[in-house]
Amino acid sequence: MKSYILKRILSLIPVLLIVSIVVFMIIHLTPGDPAAVILGPEASHEDVKQLQEELGLNDPVYQQYFHWVEGVFQGNLGDSFFMDKPVTEAILEHLGPTISLAILSQITAILIALPLGIMAARKRGTATDQTFMGLSLLGISIPHFLFGLFLIIILAINLRWLPVAGYKPLSAGFWEHIKYLIMPAIALGTGQAALIARMTRSSMVETLNLNFIKTARSKGLHERKVIYKHTLRNAFIPILTVIGQTFGTLVAGAAVTETVFNIPGIGQLIINSVERRDYMVIQGTVLMVTLTYVLINLLVDLLYGVIDPRVRLKKES
Amino acid sequence: MEVAVEKRRELSDFRRDINRERRRLFVRRFFSNKLTVTGSVIILLTLLVTLLGPLLSSYTPYEMVVTSRLKAPSADHLFGTDNLGRDLFARVVYGARASMGVGLSVAIITSVLGMIIGLYSAYYKVLDHVLMRICDGLMAFPAILLAIALMAALGTKIDNVIIALAAVFTPYVARVVRSAALVVREQTYIEAMKAQGASSMRIIWGHIAPNTLSPLIVYSTFIFADAIIIEAGLSFLGVGVPAPDPSWGNILFDGKLVIFNAWWMTFFPGVAIILSVLGLNLFGDGLRDLLDPHTNHAKK
Amino acid sequence: MGDHLLEVNNLKTHFRTERGKVTAVDGISFHVDRGEVLAIVGESGCGKSVTAQSILRLFEEKGVTSYDGEINFEGKNLLKISDSEMRKIRGNDISMIFQDPLSSLNPVFTIGDQIMEPIMLHQKLSKKEAYERAIEMLKLIGIPAPEQRVHEYPHQISGGMRQRVMIAIALACQPKLLIADEPTTALDVTIQSQILELIDSLRQKLDMGIMLITHDLGVVAQHCTRVAVMYLGEVVEEGDVESLFENPLHPYTQGLISSIPQLFGNRNKKLSIIKGMVPSLNEIPKGCRFAPRCPFADAKCMNEKPELETLDHNKRIKCWHHQTIKGAVSNAT
């Protein structure tokens, strides 16, 4: 297990290297001088010069890169030019809503996906199975921001059940907090649910055809136990992988959904910064979200060992 | 002599029969799957609308009529009008060009690039290490986030949307091609060809490449669909196809501002997106089942 | 009649497939008594395994599988009882072991867990008592250091050990009938005989009936009391082991026996093979199912279906010409 963890962590090094280079390059890919682009067309020549100096744009590119990476390791993502504060601070301010939304969406997704996927697998080939899988294909085909817009028209504008948009922090009370997140969570969770449900079904179907399921049945176990104990546990690794991946995309997908519902999260911070050409913030947030995504996937890989003894005990036997 | 010729003819007849039988079976199985057929019909209709767009509407998508702003759907304006008094039907139909155009271009570009990268990494071990690490790095970004970041860097322009999405999706295609190519590469006959001195060019493009085509076609259908979704997302956020050119995403962007009094501005472009993406997904799913019945049925 | 442990009457198992209904087991009858070993022999695809799994109703996919006939076990027709009654019999009164022990054990649970599962389920023992039973079982089947083994996972032990563990699971509740579906096919030859010896000794200890499914006639000759030979979903011949080997009546049985290589005796004698291939279940011959491959077949065989006739000495045979064939074979040898 130890060597498995170590190997997995070491494999992250090249990935992180590429990620950091790509993120660093964002500012340098812009056509024209970054400092001039940041300041806009009305800026004076002196201002541009000064900003170039501040951002270290006159150094050779590799030096700028090392300088930037050094900063990242010290938790310094630079300063937001527009907001006049450190990027880390801006990120922390916007973190709460995104985390709430991502967790709520993930819970929604899993609560929809697992029962439907398992049911479809148990009734494979029947009308129920085909209906569920048809629905899941529809779920994959609807962009979540679009689903969000439809939900607003139906649930908020026509039925007036829920507030159209906005956000209340948890400190405003649990229900207030949740009320504003229900639609975004459904919008974001449904598409992920479709992906998880499809993987659950196919993984369960594959496992149900394995011989040890026959053994479990021949012991006299109830079908419930065959499904939930013997099949699910074995089918869970691919399901968990998809859950991990969708959780990562949730954090990013929240960017668009937050715009739909005016939620002041990381997504909104990125989009606003793109409009303001606040490159330091774009770099910082893209880096942080991607790191989160990478770490979640790492965590999932490490969980394989917990689920499957063949992974855990590989090196010892 | 006579007999040998006869034999050879028999053999080639036999081969032709087998191929014909295979094609017949493929066509029959294709049409026996209702979902696949539905998907193809939807795609064909969407492509038709995209190409024939100008003939379908008497309005242009840019003509603003201040007096007829935000009119609900009627016989005059089939889908209603938008906040600037432009005919929404014309905008959705013309928007298909941007949305489907981006989707198709991205699918084609990623297929070509992905195929080259995938084939050469499968063939050359050293190249493989370098290219695959780069792919892993790019795949570590959530797709939409990388697209936003690249658009922020490149600037909002439809060409840049295509470039950004091609950069986002090429690594995934390269992975698919590479794994299909690796299977072929391990076959004994490839070793035999090498021993006989066949050029690597001929082995790669003549023998390995054809075997990667069916997974590639299936996968690029899904890329087509995903590119439509992400383009819509980018344009909806205001970092995709810039105004005044219509795309389904930026019509939604306009529609969001007036969502309280003009549901049609969200509904019609929304349905256009769902239909085209659903059509592609249905088609891709069916195609995969036909070409390779053993793969996982979950998407990707 | 009712004194057999297991009595199968005219059992049919149908599957609904894309190409229509397929009858994998077509009207077979046999019985197993306490303490005896019945072998079911035949080529792969003849319906042996389907028969075995039908007895425990392991094909439960509704709308796909259907059964006809009777499976009487201790006077109860297993095809008529409810699902919950059936579950009380599975693993408790009737147990089963399968061909490939690695894939038949659940990879994510320890050996101990898997042995304890039926014990806790059927005998309502506490976890601790079940654990002690599991250790006892491991000792019984001859696994060294059982206290350590219970905590190990299937992939950590050898193939022979795994099959022993399967046997321990199957016998944990001391069943009255054990169905062993090709239990040694996936194992090394040296391990094979150990496993069969073990099953045999446990049969004597526990006085169970065994239904041994195999294609290995050597195994049959050594370990079984009676044999039923299956061909294409039907029983074509049944009888005591001695009489079957010494005096096979059905041309198919004769073919099977003469295709065993002889270690002693006339080594120059050519091994005979049965011509042709087993036809698929979609294209079952109209008359006798073996007729297309049978050296003795005539027009009658091609067109009319023979019935299973009962002869003396518990012998049953399904062949139009068994009397003439008997003479022909004994003359030839």
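Letters A, B and C mark the chains as written, and numbering starts fresh at 1 in each.
What we mean here is this: contacts are C-beta pairs under 8 Å (C-beta built on N, C-alpha and C of every residue); 3 or more make two chains touch, one makes a residue touch a chain.
It should be emphasised that the depicted structure is a prediction, and the values quoted were computed from it without experimental measurement.
Novice: Would you identify the chain whose Cα-based centre sits farthest away from the centre of subunit B?
Specialist: Computed centres place C farthest from subunit B.
Novice: Counting C-beta pairs in contact, which two chains come out on top?
Specialist: Looking at every pair of chains, the most contacts join A-B.
Novice: From the mean C-alpha coordinate of subunit A to that of subunit B, what's the distance rounded to whole Å?
Specialist: 23
Novice: I'd like the Å distance between the centres of subunit A and subunit C, where a centre is the mean of that chain's Cα atoms.
Specialist: 53
Novice: Can you tell me which residues of subunit C touch two or more of the remaining chains?
Specialist: In subunit C, no residue touches at least two other chains, as defined above.
Novice: Tell me, which parts of subunit A touch subunit B in their complex?
Specialist: Interface residues on the subunit A side: 14-19, 21-23, 25-31, 133-134, 137-138, 140-143, 145-146, 149-150, 152-153, 157, 164, 195, 198-199, 201-203, 205-206, 238, 242, 248-249, 251-253, 255-256, 259-260, 270-271, 273-275, 277, 279, 282, 286, 289-290, 293-294.
Novice: Given the complex with subunit C, which residues does subunit A contribute to the contact?
Specialist: 125-126, 210-212, 214-223, 230, 233-234, 307-310, 313, 317
Novice: Tell me, which parts of subunit C touch subunit A in their complex?
Specialist: Against subunit A, subunit C makes touches at 53, 56, 58, 60, 63-64, 87-92, 95-96, 98, 100, 103-109, 117-118, 121-122, 153, 155-156, 166, 169.
Novice: Can you check the complex and tell me which residues of subunit B touch subunit A?
Specialist: On the subunit B side, the touching residues are 35, 133-134, 136-138, 140-146, 148-155, 225, 229, 232-233, 236-239, 252, 255-256, 259-260, 263, 266-267, 270, 273-274, 277-278, 281-282, 285, 296-299.
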